[in-house]
Structure formats: C-alpha cells, structure tokens
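Quick notes on the structure that follows.
A, B, C and D label the chains in the order they appear, each numbered from 1.
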C-alpha cells in the first residue's frame, strides 16, 4: 500500500473523529436539542376562543405561608386557611384577624353571622368572628379527609374524600348522619373519589350540590342523601370536564350558577344553574402547567377569588 | 497445509468477513436513518386520523383504519428493533472473523525485516521535536487565548432584578399586587393552645402588662407591647423582648449559689462553648455554640434542663468551606438566637442564618455572605411581626436586612453609611410606631421595620461599637468605649439631650428603667445615671469586668461580671445592693427571665435558678 | 566503585521520587476514601422532580431505554377515565387503538369491578416515553411514573440522560435503595 | 451538579415531597370483589459483592500481566490475557467500570464533599497506578479493555516521527486537564462520554458514537493504539508512574547483542536506541538551551494558567446551568419556545433567573480558579517535555522507553536471546 494513500486515509479519519466529538459536544445544549417527540398533545384542549373569556385578573394578594389550605369570601372579607393559621383580611389587604389553628385546615366556610367553620383532616371546628373557638367536632375515623364544607340553615355538610361520603353536623358540632350517594339503581355507585378533591355547595334555593369527581358530574342531593338530579358533560372541550376528579373545586354564585375550577388543564369556568357553560373566568395560560386546581370563592357581585397554590397568592378576577 | 495455502485461506476469509460486515453495517445504517426520518410511533398520518375521529366519533370504518395502522406501526417499530439487535451480533461476529483472518494473514506474511537505517541523527530529530512542541503548545494556548476574547461572558452584565418573577408569564402591569399587612393593632388571638401563663392561672397578667405599657408611666415597662402575638412577654431574643434589657417577669430570685446548688433547680452541661445568651419560649430554651468544625443550635427543656434537640448548621448554599477567622473571645457563635414561638432563628459569624421549627425541623437556611469582620460577627437577631431583622455591619459597610420569617427571603435591605459594628438591634415604640434602632460607627439611627426606610439618624458614635442602644421614656441611649454615652431624642432638631464620657462600656449594653440608666464597663465599674439629665447617682466597682449586659427584671438590676458573680441592685438613686450570688464559673452571657426563674449560661453549664 | 556509586545516586533519586509518588497516590486515595461511605451508587429518577420531557426515551445509551414506566398501585385512583391510558378526548372509554395514549400499547387496562379499572405496564413494550406519566400526573394522581430499571441499566459512570435532564431529576442513589417508587418512597427530610 | 445547586434542589424537593406526601396519604377505594393489588417489581442492581469481584479480577489480571511481562516473558500469555480482558471488562462488563473514567470520580469526590465515591471506582483508579509505579504499564498490556481491542487490531503499524509523537503527546495532557476540571466543577464526565469503544462493548450506542469507535479502530490499524497514545488521560498518569517504576519489562533477559531485531517489532515507537558512541558530547548550545528551557517552565505555567483561567467564558458553558442562564439572558425570546424543554423546565421549576445566574456565577468562579490549575498544569507539562528534549542520557543497549512502553511484550518475542 502506498504510504501517501495511508496518510490521506488517516487524516480523513482524524477529521471524522474531530467532527463527531465536537458535533456531539455541541449537540446536547438546550438550544440545539429537539423538542419532545412524545409530547402529550393538549393543544386542542388548551386552544379556546378568547372571546369566551369575560373576566380579567385585577388583583393579587400575596400569601405569607408555605402551604395554603382554602379560602372563603363573605361580608367584604377574605378568609384564608393556610399552614396552621386562619387569617381574615379586608379587600385592601389589611389583616383583621389571625389565629393559630391546632392543625392545618384544608377548607373553611363562613356563616351569615360571621362564624368561621374550619375543616381539618378529620374534624370540623367553629370559631367566632373574634377568633375564639366555640366547638370542635369529634374526630372521624382514620380514612377521613375532609375537603369541603357547606352550610344550610342549621346543618353543616362536610365532604369526606377519604370515606367517599358527605357528613352532616348540627350547628353545634354534633355529628348527625352521613351518606355515600349510593342507591340500588344499577350503575349508581355513589361518590367516586379517586383523589382528595371532593367539593360541595348549597345554592340560594337551599339545594345541596355535590361534585362526583369520578363521574365528572355535579349532583344534586336531598338532605337525606337521595340523588335528585345531576349535570354532566364529559368532554375535553371548554364546555365539559375531563381527566380524573373534576371539577376539583366549586363555588355557588348568588344566582345559583356554578363556579368551577379544574385540575390537569387548569381553568376556571362558570356554568348556568341549568348546566350550560355561561362564561370562562380564566384559561390554562394563567396558571402553572400541571399546577394544582385553585380553590375558588365568589362574592355577591360575582367577583371570583382563586387561591393559586403554586404561586402562593389569591388572584381576583372581575367581569370585564 | 503449507504457508501459501494458509495465506490464501486467511486472505479469502478476511475478504468474505469484511464484505459481510460491511453489508450488515450498511443495513443497520439504513435502518437507523429510516427510523430517524420516520418514527413509526409518532406518525403524523395517525394523528390526523385520530383528530378526524374526534369530529366523527361513530365512524367505525375510520376506527378500524386507525387500528390497523397502529398495528402496522408498532409492528414496524418492534421489527426494526429486532433487526438492530440481530444486526449488531452479526456485525460483531463478522468483525471478529475479519480481525482474526487479517491478523493471521499479516503474521504469516510478515518477514523479519532489516530495520531502516536511521535517516536522521538523534540530535536533528530532537531539535525538530523541540520546535514542534513549542509550535503545538503555543498554538493551543494562543487559540485558547483568542477564543477567550472571542467569547463574551453574558452573565457579567446581568443585573439581578431583585425578587424578579423568574417563572411564569411576565407579571401583568394592570394587576395590582397586594401584600397582606399584619398591622400591630391586630387582634392576636391564641385560639386553641392556651398559653403557659393562662395555664398558670394568671390569665390577666399579659393584658395588665400591656395596659400599663400603653400608659407608659410605670417603671420598667417602657418597651412597646403588642408586637407579634405573645412575643412581647417571652424572653425571645437577646436582652429580652425588643432587645431592650427590661423584663416584665416577676419573682426573680436574688440569692443562689452555683457551687452548693442553692436555689439551683437544674444545671445542664452545654456541649460546646459559645458567647451567646439563652433565649426562652414557654418550655423551651435555645442557645447556640460553634467552633471551626461545627455550628450547633440547642434546645433545652426549660423545666428540666433536658436537651430536647440539637441541630448542626450545615449544608447551606454559599456557606464558606472554612469559617472566617475570628478571635477567641468572640467565636463563631456570638449572636444570640431569636424566636417567635413558631420558629427559632440563629445566625453565625460564617454568615449562615437558619430557621428551625420549635421541634428542631429545619425550615430554611441561607448564607448572607461571609461577613468581613475581624473579631467575628456578633449582632443578634430580633423579630418584628414576620420580619427577622439582621444588623449586618461589616468592614465592607453596614446594612440592615429584613428576612421573611417563614421563608428566609429578603423582604428589604437598607444599606447604611456606617462602618463595622458588633451591636444588636433593638425595637422601640416612638410616636405610636415601631422602630428598629441601631448603633454603629458613626450613626445611631432608627428605621421603619416594615419598609427599612431610615427615619432618623444622629452622627455621634465612633470606634468599634459593641454595646447595643437602649430605649426608655422617649429617649434613645447609645454608648461606646472611647466615644461617649449619649441620650438622643429621635427626630428632634437638636437631638442630643445630654452626653457623658466618664464611664463607658465596651461590650455590655446600657439598660434604662425607672428613670435611670445603668452602664457596666469591661473594667468592672457599674454606674447609675439619671436617664433624663445624665446626672451620675452612684458607681460600684466589681471584682471583674462586665461582658454580659445588665438587665432589669422584677424591679431589680441584674448585672453579672465575667467571674460569674451576679450584682443585684434595686432601681434607686441611692445604691442599694440586694445580693451578689455566685455561679461558680466564668460567664459571659446575659441572663434570661421567666416568672420566678432566671436562666444563666456559664462557660460550661446552663443554670436554671428559682426560689425553692 | 565509582561507577557503582553513580548508579546508587540515580537509584536513590528514583526511589525517593517513587516513594513520594506512592505517598501522593496514597494521599489522593485516602482523601477520596474519607468521602466514601462504602456503598455503591446507581442512577434513579426522582418522580417528584421529573417533568416528563421524553428524553429518557431518546437519550439513554440503550435502545430501547432502560427507563420504564412503573405503576405505584398504592396511589392509583383506579379511574375508568384514566388520564394515562386514554388520549385527551377519547371518543369511547374502551381499549381501541384510537383511544390509547401509549404509542406501543404497553399499558394494559383490566376491569376489576364497577367502576374501577387496574392499569398494568408491559415492560417489554414500554419505551420510557413518559406520555402516560404526563397524562397521569396532569389529570390523575400521578401513580404512573418513570423509574430506571436496574436489570436493564448499564449504570454508566455518568448517566447520559442525567446530563441532559432538564429538571435534574436523575440522581445517584445508594445501590441498596435503588428505587424511588411513589407511595412507598418518601424522601427523608433533613432533621 | 454543584453542591449549591444540589441543596437548592433538595430544598425544593422537600416542599414538593410534603405536597406529595399529603396526596399519598389518600386512602384507596374499598374493593368488594377481593381484588388483590399487585406491587411494582424492582429488579435489583448488580450487587456490591459482585462489584468487589471486579476489583479482584482486576487485581488478578494485573498480577498475571505483570508476571507474563516481567517473569515468564510470554508475549502469548499477555495476548490471551488481553483477549480475556476484552471479553470480561469489555463485552461482559460493558466497559463500565474502567480506570480511565475513575479519574473523574476521584476528582469529583475531592471537590464535592456531597459526592461519595464507591470503593470499586477508587480501587480501579489506584491499583493500576501502583502497579505502574513498581512494574511499568502492565495495566495497558493486559488489563485495559480499551487497549486490548486496539492492540488486537494492529495490522500494518507505521512509524511516526518523533516530533509528531511529542507534539501530539500534549493532547492527552489537555484532555486530562479538561476532564479533571469538568469533573471537579460537576460539569460532566467527558472521558466517559467520549470513550470510543464503550458503544462497541455494549453493542448498543447512539449511532455516531459507534462511528467514532470504528474510526478509532480504523486509525489503529495503522497508527497502533491511537487512543492510548494520543488521547488516553489515564495514560498520562501511568506514563509518569512508569518512568519511576522499580522494575520494568526488559527486551533481553541478559546482555543485548545489538541485533536490532527488536526495533521494528515495537508498533509504538517506544524503544530507545543506544546513544551513538561516536556522537560528539553535547555542545554549548545544549547547555544554553537547557538553562533557557528551565527558565521557561515558570513562564509556561503562568501563561498557561492565565489563559486557561481567562478561558472560563467558553469552558464554563459546558455546564448546563451556565449555558442555560447565558441563553436566557442572550435570547430571552426563547422563553416562548414550547419545544425548548430545558427552558420550559426551568420556567416551571419556580426558580428565578436571579438564582440561576447566581448558581451559574459560582460555577464560573470555579472554572476561573480551576483554570489556573489546569492551565498551569498543561504549561508545566509542555515545559518539562521541552526540557526533556535537551536532556541526554547515555544508553548502551536497546531499551524500552519506560514512559511510553505498554509492556505488550512484542519486543521480547523478537529478541533472539532467550535466557
């Protein structure tokens, strides 16, 4: 073999080696790597006609807590449960009350008299407007995870996601009864709660509405736990619910409309009492991707208060 | 078989193996590019079909089309994977045969050759090598040098945007951001767990004290109350609540003996030396220690002296690998901790600041930058609402920081036109508002704890300021050795009310109570002046100097010298000594009080003293 | 004699350099040993940090990747409408190919009882693309998650996925606790 | 990953875990049909005992190679031993545990207290060095799978001129310097990343890495053991050790008869010829050069250190944090690119750009200080290599060059003197 041929061959190989090493070294940089070929395509869900959105974000309240629990709004005051405290402040952000709770609270509700009912993991407690504890219910069993509260006259409804049941308490904190929504009718399995998202509310007509997250439905129950009617629209489109356990949180507006907040594709929407989508409050672009569904509350004027767990703030949305 | 045959066979085997391997390699290459160009798992046509199905959900034909396409795609994928796997082994086999044949061929063919005569002499070769080494080395360095100029460091011009919202979409200008203010007049209920004092059957105690404070007349109660819940009644930081050295606790013993154990309720060994003072919250007592290898935070049961937990301060981002050099008599743990009943906060001369829960769980920690301090950082922490205030005066200049107590994030930072200092911040209520007051060379200044805004400052200090300021009856007092003792009316046109330079403290801070101000010097003289006029009433010489700050509790002055002898006086214009109990060991830390009890930190032991 | 002495001197220099090299090699060894816990290390994905970018499928030195999806049944909601199994907006909740999210059909759906379904992973088919993990984390409880399978992992000195992992979720873990399966895995907090 | 970043991440982790822990406590549905929940399988990794086995195998192979090279003088033994190494450490252990890569583990463990090196990696780093210090580079002869695969493929070696060998000899030094710098700053392990043969051992690698391995093998058909001689960073260390080795392979078992048969036997040009008796003693130019080059050494060191430290701008970009932060500053518009996974991951991590830049600056600072060491080291080696060119030692016989010799034993095979 001729020497010059060998040399040319060798130099070619050296060049190939250099190209591969340098090329590879440069290739793994963020701006030179390709996107995810196996991306879960949610564009169809996320792209929504922006004209449907009739709310805009106007205010944020920064929360000074590590783990927010829940919010409620009543009488021009915002009630916040977070870490192991309960805080009340006015719309200007001035604190009115702050009390330490014995354990974290995940939800709370305010009565017309201004009493604050707080839901702990397995118990319910009532505090006066001045922050004094009036009573605390007997603890429920180990499985209990209370995720939501609602009030109707003298009854307190507590949604227990762990036991897949709604518990009833008197205004004095005495346990009365529970129901699991089960009936003898075929296929009616009661509440299907795959994860700790289980909300309920009482509308102005005194009807109890419970989310059945596994069925992606809003169900109307009598106080005895009999299913009266339900609203359901399983769809990834804007007018329906999809994924598991949605809507994650609800609040009922002064006119009986439902304010809903979803996880997965995080969004807040308002439904007519008849179950038709009336308007959209906030689209997923407002929230962190794969964020937690915000707890929602609404005041008499229809202003929406959303507790953003990921950004640690209460976000206010007002009609445009 | 003769040699020629072997040669022939091996040559043929080599050729066959090479051709085989080459074909397999080409096939593998094709497979690779085919997969890369068209991933069967992510077919676009498939996606289109699925999209179409969403619009016509009952189109069974479409469904079966998708299913067969999916089956085809998966088959293609797994077949190609199988091909790659098999191909690899075939290639390996081919190559091994090729290599062996080649080796055999060349070994058989090779003859022992006469080595080439060296064409160049060694000397010439070496000269040539030298030149090329220099060329190669020089080229590498030159290229590196040129590249370093050609490439810009984009980080250099970057200015930190403060607490920029790095994540998420850019904050919308039209959205108003409101921070929830916890105003001081807030009703602070303690809803579930009754406080210790309530358990003790003195539910009215706190209210009473607070009420007296508002009147602002009664002796020894000039410190503002109502701060951040119960903080005002616990000895929760250096020199007690508000750092002012005045405690509202009652029934403090005046007689004990550390040697005989008289009135000593318990005595606990402190695992490590440190020059900070104990701090109390209900049944817990906190202090810190540190040397070059470890910094520790300890929590004792204040009732029994049992060590409840201890935590090493480590793994803090930015913390120096080797602690800064500090002097023996300051140490790395000179600053005293602070607690708000939720968390306890500690800072060290390394610049590490850390928060633990009351049960010793680490909440947050950060390094504030290693302080350039030739003795060691000594300023203690103080808490106002959710602000953890840090006086951070070093040789690089002074600053006051407020950290969020729950996260450790900086809420605000105010740089000060001062030099280094070792004094600690105090809190005072002036004109109905709270201020944090700092003393350093050359300024004594007050700041708004909410915003960090400087409210007033007086240029009157100098030197290496160690004593913290004091506050009482509307006047701020500051003192330092080789400087002066001044009484300042904050905000006044002519702020200096009086000054004196007869006796000046070096380490211990002044304390004001009952219209009197007490100074304890490092050479052992304890002096009492009139707080309003500066008139000297009395002086008393102790055997040893004072390092611990004198504190007022239960209407008495407690001043402990470095020999561990406590000098107790009544708060009066005439000197009236109430006792000189001894600890039996050297002591540098200021005492901590709770009702009926005084806690003292000696060099080695921690003492709980109470009347038996 | 003279020659001998010369050799001795050279030998002495050689020996002393050798001795100092032994000491420095030993020193480096000792310093490194001080930092050793005597355990061996393997790579593992922290499921709480993983953001399902898909690089585990493409960047592993192995093909198919040594990263597979595992199912932490402990925290599964056993949903009918499983976000990890069905494409968003599936027309019908059945096992038809048109409804499945997994590109290789590695996720198997089994009926248990009304209204619960079990989901199982066929690891021979799984390529570690994390599509189902994304769906499950977004819409469900996050019981499906990626783990490096140590029967497949080559335990490279530096994991080539870790090098490009955008969320830095891949870390060295002691080889006696080589998995971070959700539900049973709770990171010990620093106390 | 720097320690700082680790701790920051750990902090984030704690928060995430707490959120997740809350979710994990959630009770499962109560099944009525007696459904038994399966549990996920967890195949165990290779056991620790088996890892220690590897150390023992290495020890055995090293000792055998030494015995073959120094005592039994068997080229055949070394050849078959290297075939065993290729099969065991190469194809069976997939080239991963390897002494060359262990350099980085040691460097990282010395710089990062949070990184705990495994005993196996440390043993793989130390044992060959100690053997080289006493017996020469017998590791290269028989215990290194990378050497073995190249050695088996030497087909038509060509002799390289000394100037090329000497100047190309700077490459492994730079490579070693970079590898240690990158490992110590927690940037990455480049030695492992560009190990050309690991893809072949595994029969599985990204396509271009296989091409790289094949390219090296093709190169090695003519330029014997190209990776060992002109790239291997571990070879630099072994070279130094071997220079001062107590014993070393010798070409002849007794007196050299100067038949020159061995000279063409060495494919690595590692046999030093005897000094020419007739050559004139080194003249004054050499003494002057000796002094000049000695004086130049500190200059090389300082200039090298300065330049390498200045080069932090582009070197530190190898670190993902630095690269990402510079990218974000320089191309802020990329924030809106949904396909840029790294930037999207950063944005959703909740970390601010400020903290990222702060972390990146810490890394840069490490590169700046590390650069001084690395550049100084490279400069020192260049200076000493240069100086070595004017140092003359008298040699009577044909001798293996202790630094360059791989102890492969080919020359022994050729030597006609057998006892």
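By our rule, a contact is a pair of C-beta atoms (placed from the backbone, for glycine too) under 8 Å apart; a residue touches a chain by one contact, two chains touch by 3 or more.
Computed from a predicted structure; not experimentally measured.
By C-beta pair count, the most extensively touching chains are C-D.
Centre-to-centre separation between chain C and chain D, using Cα means, comes to 25 Å.
Chain A and chain B have Cα centroids lying 34 Å from one another.
Distance from the chain B centre to the chain D centre is 39 Å, each centre being the mean of its Cα atoms.
If you average the CA atoms of chain A and of chain C, the two centres end up 31 Å from each other. Multi-chain contact residues of chain D, defined as those touching 2 or more other chains: 10, 18, 23, 26, 29, 156, 193, 204, 320, 341-342, 344, 348-350. Looking at chain C, residues 53-55, 63, 76-78, 89, 103, 129, 141, 163-164, 166, 189-190 sit in touch with two or more other chains. Of all residues in chain A, those that touch two or more other chains are 30, 33, 36-38, 41, 44, 66, 192, 194-195, 288, 290. Shown here, the protein chains touch in all possible pairs.
Touching chain B in their complex are the following residues of chain C: 63-64, 87, 89, 91-92, 96-98, 100, 103-105, 125, 127, 129, 189-191. Within the complex, the chain B residues that touch chain A are 39, 41-42, 47, 51, 54, 167-169, 172, 174-183, 186-193, 386, 404, 406-407.
Every residue of chain B that touches chain C in the complex is listed here, in rising order: 41-42, 49-50, 53-54, 57, 62-63, 66-67, 70-71, 74, 77-78, 81, 84, 311, 315, 360-362. Remark: chain A residues 28, 30, 33, 36-42, 44-45, 187, 189, 192, 194-195, 214, 216, 234-237, 242-245, 263-265, 290 touch chain C in the complex. Touching chain D in their complex are the following residues of chain B: 29, 32, 88-89, 92, 99, 102-103, 106, 112-113, 115-116, 118, 121-123, 125-126, 128-137, 140-141, 144-145, 147-148, 151-155, 158, 160-168, 315-318, 364.
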